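Which chain is which? They are A, B, C and D, in the order written, and residues in each are numbered from 1.
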């Protein structure tokens, strides 16, 4: 009986429910959501690999790959704090669920090694298998940014690099 | 470490714990650590009015340790846990799970005593 | 009278977590209860040998997702004690703020689950609705709803701006008002009283001897709260433990209910005394050889950390004694001679956190 | 006619069961939070049940260890066909931060087939709702295939 006033109050108030998939609330800016890397700025120093409590990051300096198992990542943000060039960051939205486990390998240019590795050769290695898998997953939820992107990235990246080179040349 | 530490031996550990109980102390828990080759260190933590007292026992791992679960009933879970994690036997445990409190037969290594394998449970 | 054996768990609708009790029952009266643990055992104490002492904070925070902040703070305080680091006052009080927010959401969560255990689902929904405000505070200030991960050795990672502090205060006022509205229901409702008063009684002497911790101990009339030690930022705050004397399920729920209000008060005190200053001190080197024993008060009771350092970045031994581990022997003493229908209520009245217990 | 009615209702109102394997409670309470007024997955016709024999979708949180893998397998086998499994949180997917601990087998997919993976540590209620919605699509497809 003592609960009745609360029941009446709740009945007269607006529903408390957030209608989530239809109305998305403004995310909190500090939320530690999906981890993203700007691979072009990465210097392959392996700080994130050493610091990661879950040991889910693998950095290969010689090949210039930055690999992370997004399903073992615990979203603590230590790698973001430790990154010396701030190429790692966390979005304020969570990583979307998927129906397949996908690998996440980023291919960048390793520093100092003069050996030219064209991104076109490298891209299919890591990112291409991801593509068709995530296509199946993407039909429901809004397309996950990183996995679906490689197609675009593979095209964009050389252009981006050329731009950078141009800039450098320009500076010189 | 905060609080007084008293060293005890296998012979007088139960007696000392009994004294603690008569003194109105509350058993907080045990802590275990590796005290050198084949030896286990056990700390019995007591508390009374926020003051800590610890009893330190260093014993061989292959010899049974007298159980204090007859004095403090609450010791039974900790002693079973130590039995799981270190494969140390306790004499006179009130409720002996025989290394099945936390672990299943699939785990064949004694977790905390490094590099020690055990045979099937009986 | 023939004895029937009834298994309780591991998958039971009342318990969110897997724990198994073998109940020996005679004519609906429980005669004996034998626990079987190990369904959540992960063995994280051993992880200290392969993870360095900084990474262990995140592991310790995941001992239990409900009181993760307090586990993290306890671990950090232990390492700081071992290394002889004095952290800034601001960091101490920020830890208090998040710890008390965690205590509030943990108690509200428990009050909801407890209401669910005796079938009062509307009250469960009400408590969890209130709790979401605190989750929002956690998310907005620390970056995650549950595992806030703000502790580092030497201080905290996140700061609270004056705007956020004002917002927290206003949210707390709403939470407190909404919780107070339910006070009468929780403490005086006829149905709730019938299900809780005189159920699972534990006397003061029994509770002390069986080593009960936290609200289970305070519900039996022992005024013991680890926050009285004044560790960390609690040295700056006025604090009196909440005590009830009846020792039954009603007393334990009342202790927790009053602690929600007390925690709100502690957050306000901490905010009013929050000094300006650094968030963390720089930590150099590894934990030295030595051992440290540290106790803090968690929502479920006293939590003990024992740490042995050996001069390297890995620790020699990390031992965690969590409150539910201490509360299981009292539970085994409470269950005999109760009715079978009261078992879920009694089991929930110690606020079991199985993932804490088994680590 | 009756068969198609059941088929439709099954896909429209799936009953879920939550099993906590060895989670730290983080994902666990987030799953429960999904059922409470603010998120309220019952809007999608979902009902949380305690009996695997009534359940269509299984939500699993937490690491799998040697003891609970038998329970998990048992619960999965008791569920009627067709069924979907949603693994939640870093621990449920790979073992998360506890992967290397001595009593951890790994993710849920080492014991039973998993349909949807929801990352996060812990996964937000929003992420869990996304996962459940994705799981329902998969479940509807399975119902269709089962005929």
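In this section, a contact is a pair of C-beta atoms (placed from the backbone, for glycine too) under 8 Å apart; a residue touches a chain by one contact, two chains touch by 3 or more.
Here the structure is a predicted model, which is why all the values come from computation and not from measurement.
Visitor: Which integer distance in Å separates the CA centroid of chain C from that of chain D?
Guide: 27
Visitor: Per the centroid of Cα atoms for each chain, what is the distance between chain B and chain C, given in Å?
Guide: 25
Visitor: If you average the Cα atoms of chain A and of chain C to get two centres, how far apart are those centres in Å?
Guide: The computed centroid separation for chain A versus chain C comes out at 34 Å.
Visitor: Among the residues of chain B, which are close enough to touch at least two other chains?
Guide: Expected reply: 102-104, 111.
Visitor: Residues of chain C that touch two or more other chains: which are they?
Guide: Those would be 38, 41, 43, 46, 58-59, 62, 129, 144.
Visitor: Going through chain D residue by residue, note those that touch at least 2 other chains and give them in order.
Guide: 37-38, 65, 67, 96-97, 100, 102-103, 121, 124
Visitor: How are the chains arranged in terms of who touches whom: line, ring, star, complete or other?
Guide: The chain contacts form none of line, ring, star or complete graph.
Visitor: Can you name every pair of chains that touch?
Guide: Between chains, contact exists in these pairs: A-C, A-D, B-C, B-D, C-D.
Visitor: Given the complex with chain A, which residues does chain C contribute to the contact?
Guide: For chain C paired with chain A, touching residues are 51, 54-59, 62, 120, 122-123, 126, 129, 136, 139-144, 149, 157-158, 181-182, 184-185, 188-190.
Visitor: In their shared complex, at which residues does chain B touch chain D?
Guide: Residues of chain B touching chain D: 102-104, 106-107, 109, 111.
Visitor: Which bits of chain A are touching chain D when the two form their complex?
Guide: Within the complex, chain A contacts chain D at residues 15-21, 24, 53-55, 69-76, 94-101, 137, 139-141.
Visitor: What residues of chain C sit close enough to touch chain B in their complex?
Guide: Residues in contact with chain B: 34, 36-38, 41, 43, 45-46, 208-211, 224, 226, 228-229, 290-295, 302, 304, 306, 308, 316-317, 319, 321, 325-326, 328-330, 333, 358.
Visitor: If we count contacts the way the header does, which residues on chain B are in touch with chain C in the complex?
Guide: 1-3, 21, 24, 26-29, 31-34, 43, 45, 50, 52, 54, 72-74, 76-78, 95, 100-104, 111-112
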